[in-house]
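A quick write-up on the structure given underneath.
Should a chain be cited, it is by its letter among A, B, C, D, E, F, G and H, assigned in written order, with residues numbered from 1 in that chain.
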Amino acid sequence: DVATLDHHRALRQGVPEVVYGAGKSPAQAVAIVGRLAVRGEGFLVTRADDGMRAALLAAYPAAVENVLGRTVRLAPDEPVRSHCGRVCIVTAGTADLPVAEECAETLRSAGVVADRVTDVGVAGVHRLLARASQLAMADVVIVIAGMDGALPSAVGGIVRGAVIAVPTSVGYGASFAGLAPLLTMLNSCAAGITVVNIDNGFGAAMAALRILGS
Amino acid sequence: DVATLDHHRALRQGVPEVVYGAGKSPAQAVAIVGRLAVRGEGFLVTRADDGMRAALLAAYPAAVENVLGRTVRLAPDEPVRSHCGRVCIVTAGTADLPVAEECAETLRSAGVVADRVTDVGVAGVHRLLARASQLAMADVVIVIAGMDGALPSAVGGIVRGAVIAVPTSVGYGASFAGLAPLLTMLNSCAAGITVVNIDNGFGAAMAALRILGS
Amino acid sequence: DVATLDHHRALRQGVPEVVYGAGKSPAQAVAIVGRLAVRGEGFLVTRADDGMRAALLAAYPAAVENVLGRTVRLAPDEPVRSHCGRVCIVTAGTADLPVAEECAETLRSAGVVADRVTDVGVAGVHRLLARASQLAMADVVIVIAGMDGALPSAVGGIVRGAVIAVPTSVGYGASFAGLAPLLTMLNSCAAGITVVNIDNGFGAAMAALRILGS
Amino acid sequence: DVATLDHHRALRQGVPEVVYGAGKSPAQAVAIVGRLAVRGEGFLVTRADDGMRAALLAAYPAAVENVLGRTVRLAPDEPVRSHCGRVCIVTAGTADLPVAEECAETLRSAGVVADRVTDVGVAGVHRLLARASQLAMADVVIVIAGMDGALPSAVGGIVRGAVIAVPTSVGYGASFAGLAPLLTMLNSCAAGITVVNIDNGFGAAMAALRILGS
Amino acid sequence: DVATLDHHRALRQGVPEVVYGAGKSPAQAVAIVGRLAVRGEGFLVTRADDGMRAALLAAYPAAVENVLGRTVRLAPDEPVRSHCGRVCIVTAGTADLPVAEECAETLRSAGVVADRVTDVGVAGVHRLLARASQLAMADVVIVIAGMDGALPSAVGGIVRGAVIAVPTSVGYGASFAGLAPLLTMLNSCAAGITVVNIDNGFGAAMAALRILGS
Amino acid sequence: DVATLDHHRALRQGVPEVVYGAGKSPAQAVAIVGRLAVRGEGFLVTRADDGMRAALLAAYPAAVENVLGRTVRLAPDEPVRSHCGRVCIVTAGTADLPVAEECAETLRSAGVVADRVTDVGVAGVHRLLARASQLAMADVVIVIAGMDGALPSAVGGIVRGAVIAVPTSVGYGASFAGLAPLLTMLNSCAAGITVVNIDNGFGAAMAALRILGS
Amino acid sequence: DVATLDHHRALRQGVPEVVYGAGKSPAQAVAIVGRLAVRGEGFLVTRADDGMRAALLAAYPAAVENVLGRTVRLAPDEPVRSHCGRVCIVTAGTADLPVAEECAETLRSAGVVADRVTDVGVAGVHRLLARASQLAMADVVIVIAGMDGALPSAVGGIVRGAVIAVPTSVGYGASFAGLAPLLTMLNSCAAGITVVNIDNGFGAAMAALRILGS
Amino acid sequence: DVATLDHHRALRQGVPEVVYGAGKSPAQAVAIVGRLAVRGEGFLVTRADDGMRAALLAAYPAAVENVLGRTVRLAPDEPVRSHCGRVCIVTAGTADLPVAEECAETLRSAGVVADRVTDVGVAGVHRLLARASQLAMADVVIVIAGMDGALPSAVGGIVRGAVIAVPTSVGYGASFAGLAPLLTMLNSCAAGITVVNIDNGFGAAMAALRILGS
């Protein structure tokens, strides 16, 4: 028996159990979510490649696939308790969208539909300023950027709410697979920015849920 | 004129201007806070060495020094608008206390008095579990740890609220001045932990204020 | 002749010669183990991919394959001298199991059957505490974890026996292929933890055998 | 004789010989600049600590000291050939000023007086936008920033001219002595930004002179 | 709609919009360039693999493919405004040519035909010196080198004009995928050399266009 | 109250509480050990500089100072329970002796007197082989080396017992403050070597005590 | 024309031109060596994959393939001038043989037949000592090792002649693709060891030829 | 007794025992060299700070101090056996001279007087070419450079003899204390260059002596 699901944690923390698909076979993923589905809890599988997504959809036709985000999600039988508060997901460039989709799906699995602002990198800062009032309405802003990772600093200077920065592995050469934007974000000159792991759209969503729940 | 104070930001973001003392002379620090004090806003200076703290206290006898945290703080004339919510600062070991004090002073400058849990490193996990109910009452838990940086993972599994992890440069050898706990925290197996820069007690406090304000 | 087997070492050290399969062809592996098998010493091949395992099983139908651990093992004609003492292998998550299996097979090749504790990561520390008495019975505890690598610190605080920590390459982004848990373990706040190379289940087993032999 | 001055290069490249003071004694510095001064070429010494600057001023009362920039400069007997074009030096924060001063002094030694824009970090992007027309008038914009190093990306999106980015060692923890802003700048999402070494105000000025000379 | 093209930037900066092909599907690339082509602006796609290049050529038979540089370029209806000044691209070895071709195509898309000097690595410095007068005629010299990355230092000592250094990922072992030449170039002993990201032929060209435009 | 001593752990693990002196004032150290001394448990303080050692000796004239190892140790009132088994500490060079002394003092505080082999670096391997029989008698061999860190590989090939490798920060340049020997030891070609943090003589001793206790 | 062969260098340095096959197509390799072969100089191609080796052998049936070393070599029409002196190539393990073969082929292309010592890693140091007199006869000893890279230190303590150390990328985890043995060798406690790039059998051979020629 | 001098090695290898002063007290240094001096072997102490040099000169008035190289050397009673062959030490800049002096003193202690070429960095390559015939006369050329470390590549293309490259910690920022020139030299495009540790003038001299002795 390869996995001990921590149902307890879901109760303790009010967020769903999410299955991390990387390094599992499609059959293993189907087996694991079965234990969740049978209890009517629904499920979310992240980092699911094409084969795993196909196997999950075959077993659960009611599930929803997100190709870009590489997730499969099944709604629980009962709607989840609602979190109050608004989340906005901001991305710097097109290539950051898969991370944004993983993030959005994780929020959806907890009943939160995020607002979205796309393609507003710092190299054209007027694009960001044009969205300032939209950003101001969010309790939590999740900012996703690769390459220079400069966007969270600009966002942090505009909004009062919580800002969670997600570096991505988008880039090449001296981006060192996301190290460059990670360091940028940790050193942000905008005070009070927090950071999660490279490409960790899931983690940013979970952090937002912790805040909304508070 | 060496510094353009961003009063505008204080209004925009509801948090005080904080002066970063490192690399400034005592005279410069006194001059800069003068512009804040004269408006009745009070001030907070962080990373203030012995000489800078003495100069500030001489100029502002009503100010409060925190020796361990290396800060000097003057209360504003009017009490700051109150943030609602509770913050708890948790430290792994004795050597992490200076970072915790910088954090606590920053919170105080915004009118927030943090709860404290001290010396509960993972190597004696019963110490942490004994404080579980205290931790559960916080909206935001700030966890400060050096060396292995394992404490936020354990805290994150216990509490439902927001968790902000602060790696410290406490340690030697393969801690590489805080790199080891930084990486630990970014890879935390507890979902939804966010991270700030090494030794950045100030930043963790500002992130907590962003959350409480939301 | 590509390899000089060190039979001498086996005698000197009382542990079997183990063949490292990576970078060898199936034919080479079969040839090398032939020299061991013909002496009735049995063999263990680690890091054997699908093709190598098939070739070894075809040549030695009595050998035992471990698919997850990627090993093939043939028992020696005479049972190995028994080591006295108990070994427990603890894993943080499902994805760490291949390293645990390589470790368990290496111990088996020396006649030691390890106890197992699975899926007890620090994010749900109650799972670990529930197994405390089982852990206490071991002379050597081998703790295998990727991502934050925090588990050995928690285990080290609970048990009195020897603790060998194995970082794994499980994770992504700022885990830097196992660097993050490696640094965590080297900086463990639990005193007296020792560490082996990333993913080195074999090495941890050999270290345990050195201890049991003592 | 410890140094072979490359007068030839000055001719070849139309820029003055600059003496790098670090690691030299005051006496050595005085001796070296003597060979330049005697030819009426004037001199510039960078990275000159307090003692070296005092020695140079004692020997050359007509020389000009820059305390913040740690330089001493003596004008040549004949005014240098004038470069045509305008240079603007932009800094993110107060702590970046020493690098800006080294840069400005190097430009002055070649007869170029740079325009200046100070304290316009990305965390308050309105400060930068308010200076857009001033920036647009420059042929070369030198952008100096530490911590997150995000400023050149924002500047690069506003101006059409050449942009030279200078990372500084301002910051702590995960800035790794300037590595963080260096990587940020190399990965800038604004196209056509070029980068020089950490704290290298001298090099940025020399690059600007190469461009103006063209 | 995955991408917001920044036509505004093209106007602001006088350089064409360039599409970065990496991580896009052939269909996405065709769709994006369609929006540029329909306005008669022409297009340039970089980092386009075999499939993407085929799809673009099928859709735009008038476009020009550069196999080595992995680009597809369509000329605009109206010739672009001419930049005045000369650019020379210098490469150290055969393996650096793909980066040089990406660079040359980007320049061509702005109407600039670069001069070329090939295979003049520092290990045979007479090859470089033989081309000194050719190099001297350039306003901007772009120097592309992997392995030791020493070539820009030698070029910088010979020419008066602007020097932009491009490190490449050519090499193995301790080149660490271009880190070695990147560091070499940032530490160049020739004053006034600037540097762009590893393998960033596009960025070097854009920097040159910024200079020529000035 | 700055420190919560974990007396519980001493009971749980059979090893003494050891106070880490770095970053504490002499007065703090005296206060902390007072709580141990008053219970008759004795104490050991590591990383104690000159001032701290003087203060401890003044307060506890019966305590023993180790200048090279920078420790102060007071024996407990009752002799500690004896560990059975032999420990040998091997050092590569003179400069590794401080780490060896910290290790030996920690062992002494638990009643174990280690055997010693000094100055047997791999560059003169006959020196090591001449001590082979002495090494063979140890249950645990602690091998301490800086620079290339090659000694544990040679020792591991000679002895059957447990081998704990301690990299030291002895060296310069590409030793990167102990990173070089750390990596050497983690990659040892002798199977079953385990490793502790750079300069961690204390940790190696604690690991040995865990083994002896088993 | 993609490559300018440096025939001049061959004359200047007395060693043959060697073609680096990586990143070239089989057709390119055949074309380049044609220019050497037509002059009767013979050729050596390194880093030639299966397809390139097949193409070269088809074009030059008299050429000799080295499958393990991934080289193809054609003898020159006239025997090369003989170097006087003996070279010995020592390898630590089986997996280092490809690098040793590249090295041996490069030496052969200059008329030098190297002596060989195989599989003498430091973990069984008696294997090395048994070959001491053979090693002593060499003017240059090339020592090739991955993993801990400890072998050159042991060899350097035994022989008086020149020692060239070659780290290999053999290993996993904390070997970081050869960084571990590279650092070990640069920090060797045996004085006067020199080092070349990771896996650079070619470079070690060329260094030996420089020494023999002297 | 803190050090076991390896007189045996001196015999085995024909080079003198050299004492590494770093981390030793003046008194220790005097004691250690006493054991050498009493046998008439003379001595060389490297990395000796002001105090250690003064103590050695007081004890041995016939010894010779090298202030720049931080060494003290006493000639042996009998002149050392002469090595045949010429060594040339080449330095890139003034700041590299201390490493060159350490190197020259080590050679002198073995009876070899090195030729010198100073201040010939690659940024003015004509300076190097002007010395080509002088370089060509050396059997071994030791090339010492910091910053970009490009000089050995240029030298290696000019001379046929052995080339030993010594990176220095001269530089700042992205030189990372010598890492930049170290990587440059390991990746040299001139074939057959070998490398020693950062600032290791001693090691380069010992390597040259190994070659001359051959």
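List of remarks:
Note that in this section contacts are C-beta pairs under 8 Å (C-beta built on N, C-alpha and C of every residue); 3 or more make two chains touch, one makes a residue touch a chain.
Being a predicted model, the structure only gives us computed values, none of them experimental.
Number of steps on the shortest path from chain B to chain F, with steps defined by chain touch: 1. Between C-G and G-H, more contacting C-beta pairs join the chains of G-H. The interface at D-E recurs elsewhere; of E-G, B-F or G-H, the pair that shares more than half of its residue-numbered contact pairs is G-H.
Between the CA-based centres of chain A and chain B the separation comes to 27 Å, rounded to the whole angstrom.
Separating the centre of chain B from that of chain E, both taken as means of CA atoms, is a distance of 46 Å. Remark: chain A and chain H have CA centroids separated by 56 Å (rounded to whole angstrom). In chain H, the residues touching two or more other chains are 9, 123-124, 157-158, 173-175, 179, 182, 186-187, 191, 197. The complete set of chain-chain contacts reads A-B, A-C, A-D, A-E, B-C, B-D, B-F, C-F, C-G, D-E, D-H, E-G, E-H, F-G, F-H, G-H. Within the complex, the chain D residues that touch chain E are 9, 12-15, 18, 85, 139-140, 157-158, 160-164, 182, 186-187, 191-197, 202-203, 205-211, 213-214.
Those residues of chain A whose C-beta lies close enough to touch chain D in the complex are 92-93, 121-125, 128-129, 147-150, 153-154, 156-158, 171, 173-176, 179-181, 183-191. By the touch criterion stated above, chain F contacts chain B in their complex at residues 2-4, 6, 8-9, 20, 22-24, 167, 169, 177-179, 182, 197-200.
Of all residues in chain B, only 94-95, 97, 118-119, 123-124, 126-127, 170, 172-175 touch chain F in the complex they form.
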